[in-house]
Amino acid sequence: MEFALTKPQKEIRKAVREFARSKFENETLLELVRTGQYPADTREEAAELGYCAIHFPEEFEGGGLGLMEYVLAAEEMCRTDSSMGLGLLLASFGSECLFRFGKNSTAPQYLPGVAAGKMRCGAAFFENRGDSDLSGVKTSAVQENGSLVINGAKTCIANGQTADFYVVLCKTGPEQEGPGKNLSLVAVDAHADGICLWPSGPTLGGSLIDFADAAFENVRVPEQNILGRPGKGLAHGLDFLDEARIQTAAMALGTAQGAFERAASYVRQRKQFGRKLFEFQVIRHKLADMYARIDSARWGVYSAAAAFDKGGCDRRTAAAAKLNAAASAMEVSDEAVQLLGGYGYMAEYEVEHFYRDAKTLELFTGPPQALKDAIAEGITGKPR
Amino acid sequence: MEFALTKPQKEIRKAVREFARSKFENETLLELVRTGQYPADTREEAAELGYCAIHFPEEFEGGGLGLMEYVLAAEEMCRTDSSMGLGLLLASFGSECLFRFGKNSTAPQYLPGVAAGKMRCGAAFFENRGDSDLSGVKTSAVQENGSLVINGAKTCIANGQTADFYVVLCKTGPEQEGPGKNLSLVAVDAHADGICLWPSGPTLGGSLIDFADAAFENVRVPEQNILGRPGKGLAHGLDFLDEARIQTAAMALGTAQGAFERAASYVRQRKQFGRKLFEFQVIRHKLADMYARIDSARWGVYSAAAAFDKGGCDRRTAAAAKLNAAASAMEVSDEAVQLLGGYGYMAEYEVEHFYRDAKTLELFTGPPQALKDAIAEGITGKPR
Amino acid sequence: MQILNYTSQHREFRHRMREFLEKEIVPYIGQFEEQHITPKWAWRALGKEGFLCTAVRPEYGGMGGDFLYSVIASEEMAKTNHTGLASSLHSDIVVPYIEAFGTEAQKKKYLPSCVSGDIITAIAMTEPDAGSDLAGMTGTAEEKNGEIVLNASKTFISNGINADLVIVAAKDAGVSDPYKAVSLFLVEDGAPGFKRGRKLEKMGFHSQDTAELFFTNCRIPAENRLGEKGAGFGMLMEKLQQERLMTAVGAQASAELMLDYTTDFCKQTKDHAGKPISKHQAASFALVEMSTEIKLGRTFLDKLIAEHAAGEHVVVETSMAKYWITDLAKRTSQRCTQLFGEYGFFEDCPVVRGFRDVRV
Amino acid sequence: MQILNYTSQHREFRHRMREFLEKEIVPYIGQFEEQHITPKWAWRALGKEGFLCTAVRPEYGGMGGDFLYSVIASEEMAKTNHTGLASSLHSDIVVPYIEAFGTEAQKKKYLPSCVSGDIITAIAMTEPDAGSDLAGMTGTAEEKNGEIVLNASKTFISNGINADLVIVAAKDAGVSDPYKAVSLFLVEDGAPGFKRGRKLEKMGFHSQDTAELFFTNCRIPAENRLGEKGAGFGMLMEKLQQERLMTAVGAQASAELMLDYTTDFCKQTKDHAGKPISKHQAASFALVEMSTEIKLGRTFLDKLIAEHAAGEHVVVETSMAKYWITDLAKRTSQRCTQLFGEYGFFEDCPVVRGFRDVRV
């Protein structure tokens, strides 16, 4: 077994790190985090270097690389700054659905725009804020003269108000069929008539991303906008979620690493009671715990990504990678806030937004309870 | 990055698994665990298949393979049964010192016997039961007419009364030099005059291994019995400890996995309140937690072993691998005991000795506080 | 502020019991642990000194002590760091069934010997396939010719080997509602068809004789029913609060004992530089953190003891206490052993027995 | 058993304050949070109704209430789920210094306005480079021509912008023993050389005006020394118990509030099958586990409140309570947000403000 990155992987990681370090500037960045203004320029610069579509096929202007390379880039971005990382990475959230489930006519329409850092995607899956189970989707898409007519409401859509297109999980079969059956993923242009949007409200973290709720009222799209196989929307949605969980896990990993590095550097500089903080055994042990906690998450994320690229990442592996990485981000950023004392609470010292972003990542793409349900299903099958 | 075992690695793992499953029989085994009687026959059978010296050089009848292969074998043995695994694996504990630090005349004398499953090694490092810091070693080895004369006392030596030779960490410089300086590792034949042994007392786990204390009174061994470089005993001892920690981590990993599998199988069979236990969400989530916990430890152990084989495993990586694996063994076996209810407490259902072995592994080769000291030193350097 | 108001009589009782245990019991505990049973003489010695069943009323031979005496006896027993003399089980869990639900004849017959230690009791509820699910119980009781015929297998029965008298829960096969089918029965040693299985091999509790019990067409006189027919479930529920509370009392005392042992060890053991381990910052923080948790448990528990003693209904809170405090004892055992370093996995490390025993 | 004996007057006070807050304060909290400060009118309204400084004796304008009034006021404020009206800091931490250590003239001058809310107070101890290490403080005070000249930078000062009166800790540069060098000083708004820095941007506590304060050759009259010269350290130590206790009181109330919000959410929110989330086994266990921990914290805290009110020395136990209960509040915030699923990271999720605020 080899535990070394390939040379191109190392190069990507290094290049992304350098990009992030040079472009994510503390003062501007804190201002963005505070105001939630989107760093459109930085995204375009990232896109020019190919960082907005590392894992898209080349035919859509992507890098043609794997999820592993995406993971390495995501980790570096979030390590440099979690909020900036989330801002750049989540802008394309959901666009994978346009190429993962087979050729689709909408892919050339949107993906190059995403790859260029100009377009954003809105994944419109959830309808119930408190329940992340997708099988309860009720938004309907009914065939009518070669079109699909969509009616329903979605909540908590990332890039909700700024997206150029949406990936909407719809019920394409009769309502009485029962939950989860006959769903389909449908690409919907943001300019289509009948979409009404309003902000889902400000968020705790991920503050560069706008979340919105949407109502679809007789929204018409061409039939061929169905992504993947009609009626297989739930399976596709869950498959996408596996990929999204590995992506989120990578962001969490970077968030943990970034918080750890800030804390380590703080305790090396800061004096108290006549000694540097890092000389106190209790502080040292906290650093060691943080280090070991990150170590315990990192390989799981990498191995899930590697398995995904080989086509073999099962649901529980992706879920476990995210569960561990998100928990590690929470614990490590929590400890970082603690280690910085009063400064940990201050925006200026950054770790406070790492902590808020960690919580956001923990709940996005599946809170712990949903991940545990998925893992348990992998172990014992579904319960009755 | 590849996350796949090589074909030979997979084969070894499979072969060891089959060996363990066929040879570790529940009833005999529980009797052994209860009485602490050593399974000498099973060890010799394992040796015939090459499992007692996978990572020894071929010239000493070893398999000439890496620590990675040792790790895979150790995991499978402890997964099948933690006590049996520890019994077979720890019999050679410390013998790596005879070949890791350069050619030594004692290697051909003992290693083939260990590889054959007939000889055992006693690593005599510690002198203070409550303090695992090796730099405080006081046992002296003084040069006298081409011999070394050893005086001092050691505690908690694994295979203490059954070892054929000891690896003794001695002070070879003047006492006033201060702690840690001028130590050397010395191989001592168990038949040498002046060794007095007595049991360290029964142990909580690892019950097939005998632990003893030893007093060395004017014990004479040839000068060339110094292992590695004279005066570098502390460095060698710590290097050995890195390897030993990765080994112990692998045992802990197998222990966790074995406890998890027993618990998963129990909750699948057992009915309560009219349903199978595994159908209760809380039980399912516990299984998921256990699975994710093991997942969070496994890759760290493998990557540390892979790095070790490449010559590049730093101290903190080994320490973090052990910290995570031991914690995972404790948590998972604890939960397994809990999930089995009253049966979890009964010897017959096995998980209780997994739990005791997990605690033993957690403290052996460095309790958490020592590991955290080591990790912190890797991050910030030594404190003043 | 003292939540519990121990009187000087209470303190004198505690002192007397502690002295007795140290002199008469503690020296033999090693033997009990090795033999996997605590001999009956130890029970009788305890009874003779008045340390069993302190709550039983004087007319049945007891001292009629208040609940604090039970707490004291249980705590002092826990501080001997062994579990074989399961006197709290006998005094505070099993015997109260007889006193609360027994007929006058039953009470006259059994209670004085329970107090003296001549009768050791056990309670047999758990079955191999039902676990803690009482409604899933399958053991049956049938009335035939003025006798009761029991058929049941019971497991994990503490005092199973020593018990001279066992309270057995079984169902009337004719009643379909499981909550109305259970009755309790008093089965004496030697009843025809009552057999004890093997002593169970366990992780800990080595001085205690946990066993399987088998009742095969076991015949007992009809008057050995305890309480009303079909009222078993209700009786068990009624006693739940005290049972849970006593479990918490034992676990709390055990956590306190382990922390004391560990604190002593850390103060007395020096590192190679001559500095006590307790002065290592990580160890000293660990001790403070554990003692904080233990104090929280103690305060919560003391309040419940006072409430229980005052007859308040605090069954939810006692469940919480049982859950949290047994977990506290487990966590404490896991963390304390760490502070002993390698010594922490040797049996003569003073917290190792606790590490095994708290998992029951 | 009630550990704390609230009288009907206490209950009436609590009721009155709750009603007042709901009507007069809660509707404006969103504004306070947005403006990153709570306006002075809110303080005055509170003072006017008698909810500030309840402990101050009647001769200085207060109601001379016992410690339970302070606890009630602090709890009711915590239940408004915001931190801007830091009345507990003012009433129970800062003002007690003046009442305990002030001269008659100082008390006459300041206390009535503290009670009425016309004076808002702050305490300035922490310095940018010294953190919680008081001995490492570098701010100095020198007496010159009957005046005191202060030079110090202080940070993380709650009420920093609003404060009309600041208690400043500074050292006499001439005294080498750091424990004998610290004195406390009363600095009024407008004192020459006293400047406020920026409001600090924080993770939470948005309605509170935390600020840096600068004293540059700041001159105050010599009679503005509070207490004896060099006695600062001792005064700070003397007040530590109440400070820690009040922190724990606030954190406990906050944990209880978050659990209430979460329980309500889980009961009201249904999954797609129409089943309330609270009936999902994992969620219901999580709620029970959290409520167990919270009850443990509550019992421990109530006992300490009773002991503190009775004048007992429980400074170690209050440290434990502060450590454990603030951690409890943090854990509760982390676990509660999980139960909200994706909604748990939206600001209008009711526990999100708590998630941010408890980290202070």
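A, B, C and D label the chains in the order they appear, each numbered from 1.
We take it that contacts are C-beta pairs under 8 Å (C-beta built on N, C-alpha and C of every residue); 3 or more make two chains touch, one makes a residue touch a chain.
None of the values given here were measured: they were computed from a predicted structure.
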{"item": "Farthest-lying chain, centroid of Cα atoms versus that of chain B", "value": "D"}
{"item": "Of A-D and B-D, whichever chain pair has more C-beta contact pairs", "value": "A-D"}
{"item": "Computed distance of Cα centres, chain D from chain A, in Å", "value": "38"}
{"item": "Euclidean distance of C-alpha centroids - chain B vs chain D, Å", "value": "52"}
{"item": "Geometric centre distance via CA averages, chain D-chain C, whole Å", "value": "45"}
{"item": "Chain A-chain B separation of Cα centroids, rounded to whole Å", "value": "41"}
{"item": "Two or more partner chains touched - positions in chain D", "value": "280, 282"}
{"item": "Chain B residues counted as touching two or more neighbouring chains", "value": "280-281, 285, 369, 372"}
{"item": "Of all residues in chain B, those that touch chain D in their complex", "value": "280-282, 285"}
{"item": "Touch list for chain D against partner chain A, complex", "value": "126, 129-133, 135-136, 155-156, 200-205, 265, 269-273, 277, 280, 282-283, 330, 334, 337-348, 352, 355-356, 359-360"}
{"item": "Touching residues on chain B, where the partner in the complex is chain C", "value": "30, 34, 126, 128-133, 135-136, 156, 179, 200-206, 211, 270-274, 330, 334, 337, 341-342, 344-348, 352-353, 355-356, 359-360, 362-364, 367-370, 372"}
{"item": "Chain B contact footprint on chain D (complex, rising order)", "value": "280-282, 285"}
{"item": "Contacting residues of chain D [partner chain C, same complex]", "value": "1, 3, 288, 291-293, 295-297, 299-300, 303, 306-307, 310, 312, 317, 320, 323-324"}
